[in-house]
Structures are given as structure tokens and as C-alpha cells.
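Dumping the structure here so I can ask a few things about it.
Think of it as A, B, C, D, E and F in the order they're written, each chain with its own count starting at 1.
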């Protein structure tokens, strides 16, 4: 990908950090399947599957570990 | 999501930290599938599956790692 | 849940830490499916499946990482 | 379980540490299904499945992270 | 493999670090199945499966943890 | 296993560390199923499955975290 989408792991709040973790998780999908039409077609399949939603939350959790450590857990 | 749901990873006790890990895990699902009606429809499917419950506990465990580290393991 | 079940991650021995990791893993299931009758009904399904037992051991391993770090690996 | 099987995470060598990680992984299974006859019956099922063997190696890898950190990676 | 493909985990930016994590993830596949024709044949199967794309993103997330830690989270 | 296959987690380069992570991942399989004939028979099954290859890369990624930390990320 040629666009710049990630310049820092630092966020102001934990919630922004969590949302960055979501972005990281989605980018992992987009790098593997860049065709947005395919991704849109797949969406109903996984947004209506309990297993797929749990798996998505799992990937977010792993990325959130990284973002939280980067921000020293926003300990202030 | 526009609501504020996560302002700190710090909790008073390990149990509150574990419960925050559950909140983080559920938010990962809700960000991916925000439609509460769909989520309610999926609930019986995964709350009655041993595999799905283990997978849910796995995501909580990953998020609990993050919360526990943030709290320096409540070492006091 | 209103009961208090987790007041500390500190244990005397690694084995007690491992057993606390098992408790954490089971609590993740119980928070998601609090109905004990359902959980009992599911037990034969997963206690007789090699894949389910491996998955259970996986969750325990993740929680044991947390407990072991909290105890500074019982290095003495 | 009333027997004592884990008194320390410290090992002399990385290989002993890896083998301790295997022990930890198997104990996770045994705590969940203590009946040795059931476990023996399940063995051919998973020892002949590529997916199950990869999953077993995954759990060992997670436990090896813990053991390796406990031993400060045997850096000497 | 005899070619040199990984000489450092250090990158200039988080995005380059994320892309290195993708390289690491793909190499794990190539070491296991070095035949590029087989890999090309498998591609449509997993690039059109929501579950497979989530699994790919998961592996990237694990490798990104490593790369991010190596770079001290690009804290500057 | 009575042979000595792991005497150190320290490697000269990140790539050698990655290859050690592959060795660790394969050993996890071999400890569980030591019969090389069975392993050879299973190989086509998983070397031609996108899901199995991703799972293999996942285990390597977990072991690479350990090896990379042991080597202080080859920061020089």
C-alpha cells in the first residue's frame, strides 16, 4: 500500500488506543485482500457469525496489547 | 462509536480488572457488529457451544493480560 | 457477578498459580454463560473432544502467563 | 489435583524449559479431563491430525514463553 | 532457505514495522510450503474467506507485537 | 526425547532467530507425535491447506516472540 495510514502508536486516551487496535486489525485484512468489493461481499458472512465476531475481537485484543504497551498503559 | 466507554485501564482490584477485560472483549464484537438485534440473535448460538465459550474466555484472557500489566498486577 | 472470587494474583507456588490460571479460564466461560445447567450439559461435549481440550489448555496457558508475571515467576 | 507436579519454573537448559512447557500444556488437558482412559481413547484422534498437532505445538509455544521469561532466556 | 531476507527488526516508522510483520507472517507460510505454485493455487481459497482473512490478520498482529517491541514502539 | 536439540536461544541474526522459531514449532509437533512416518503422511494434508499454513505461521510467530526477546531484538 502506498498511502500513509500509521504514523504513531501513541494516542491520547485508552479508547482511542482501542480504536487504533481496530484499525490495525482491519489493515491486516486489507493488506491480504485489497479488493474492497470482495471485502464488502464477505461482510455479511462474518458479521452474522458468533465465531467470526469472537475471532475479530481476539485480533483486536492482540493489537490492543501492542498499543497499550506503546502508551505505557496511559498511566499518566 | 461516539460514546465514551474507556477512560482508564486502572482498577481497584484484580476482579474489577477481569471484568474490564470482559468489557473490552465485548466491545471488540460490538465495534464489528454494532446492530444489537443481530448480536441478540447470535447469543443462543454461542452461549450454548462449548467451543464458542472457550473462545470467549480466550479473548478475555488476552485482554486481562493487558489490564493486569497496566495495573502492575495489583502488587500493592 | 456479585460474588468476590479474585482478590489477588499472588500465589505461594507455581502450581497454585497454574491452578489460579484454571480458575480464571473457567470464570471467562461462566461470565459468558452463567447458567450452570447449560454448562453441565456442555461438559461431555468438550471433555471428550481432543480439540476442545487443547483449546482449554491454550486459555489456561494465556492466563498462566499473566499469573506467572504477577508473581515474578516465583524466582524467590 | 492433590499431587505436587510444579515446584519451579527454573530449568538448567532451554531444552528442559521446552520440555517443562510440554508438561504444562498436558496438565492443562488433564485438569480439564482427569480420566486417563478418556485421554488415551482421544490420543489417536489428535495424534493423527495435522491441525491438532499444530494446535498442540501452539499451546507449548505459549507456555514456553512463560518458562523462557522465568529463566531470563537462559542468557547466562 | 538460503536467501537473506531478514537482517533487522528496526524500521523507521510504525507502518514500515507493520509491513515487516506482514513479511514475517508470509515467510512462516513459505518456509512450510516453499512451492510457489501451490501457494498461488491456495490464494483464492483464503483471500475469499472471512475466517482465513481474520486468521491472517491475527498472525500479523502477533508479529507486529515483536516488531513494535524491537523498535521500542517508535516512541521517538 | 533423549537427543540434545536446543542449547541456546541466542542467534547471530534475526533470520537465524526466525529459523530457530521454526525449529521450536516443529519440535512441538514431534514431541506430540514422534512417529516420522505418521508425520510424513500428514504433510500433504496441511501443506496444501491455506488454513493449516496460516496456523503454522501463527505458531512460528509465537515462538519468534520468545527468540526475539531472548536476543534483545538483535538491537546491536
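The working rule: contacts are C-beta pairs under 8 Å (C-beta built on N, C-alpha and C of every residue); 3 or more make two chains touch, one makes a residue touch a chain.
Fair warning: this is a prediction, and the values are worked out from it, not measured in the lab.
Where touching is counted per the definition, chain A and chain B have no chain in common.
Overlaying the C-alpha trace of chain D on that of chain E calls for a turn of 120°, given as a multiple of 5. Averaging Cα atoms per chain gives one point for each, and the point farthest from that of chain D is the centre of A.
Although chain B and chain C carry the same sequence, what matters here is overlap: shared residue numbers make up under half of all numbers found at their interface.
With each centre defined as the average position of its C-alpha atoms, the distance from chain C to chain D rounds to 15 Å.
Taking each chain's centre as the mean of its C-alpha atoms, chain A lies 27 Å from chain C.
Multi-chain contact residues of chain A (touching two or more other chains): 49, 51, 55-56, 58, 62, 65, 69. Interchain contacts close the chains into one ring where each touches exactly two others, per the touch definition above.
One full turn of the ring, starting with chain A and passing chain E second, gives A, E, F, D, C, B.
Within the complex, the chain C residues that touch chain B are 4-10, 24-29, 31-33, 38, 42-43, 45-46, 49, 51-52, 55-56, 58-59, 62-63, 65-66, 69-70. If you check the complex, the residues on chain C that touch chain D are 13-15, 18-19, 22, 46-51, 53-58, 60-62, 64-65, 68-69, 73-75.
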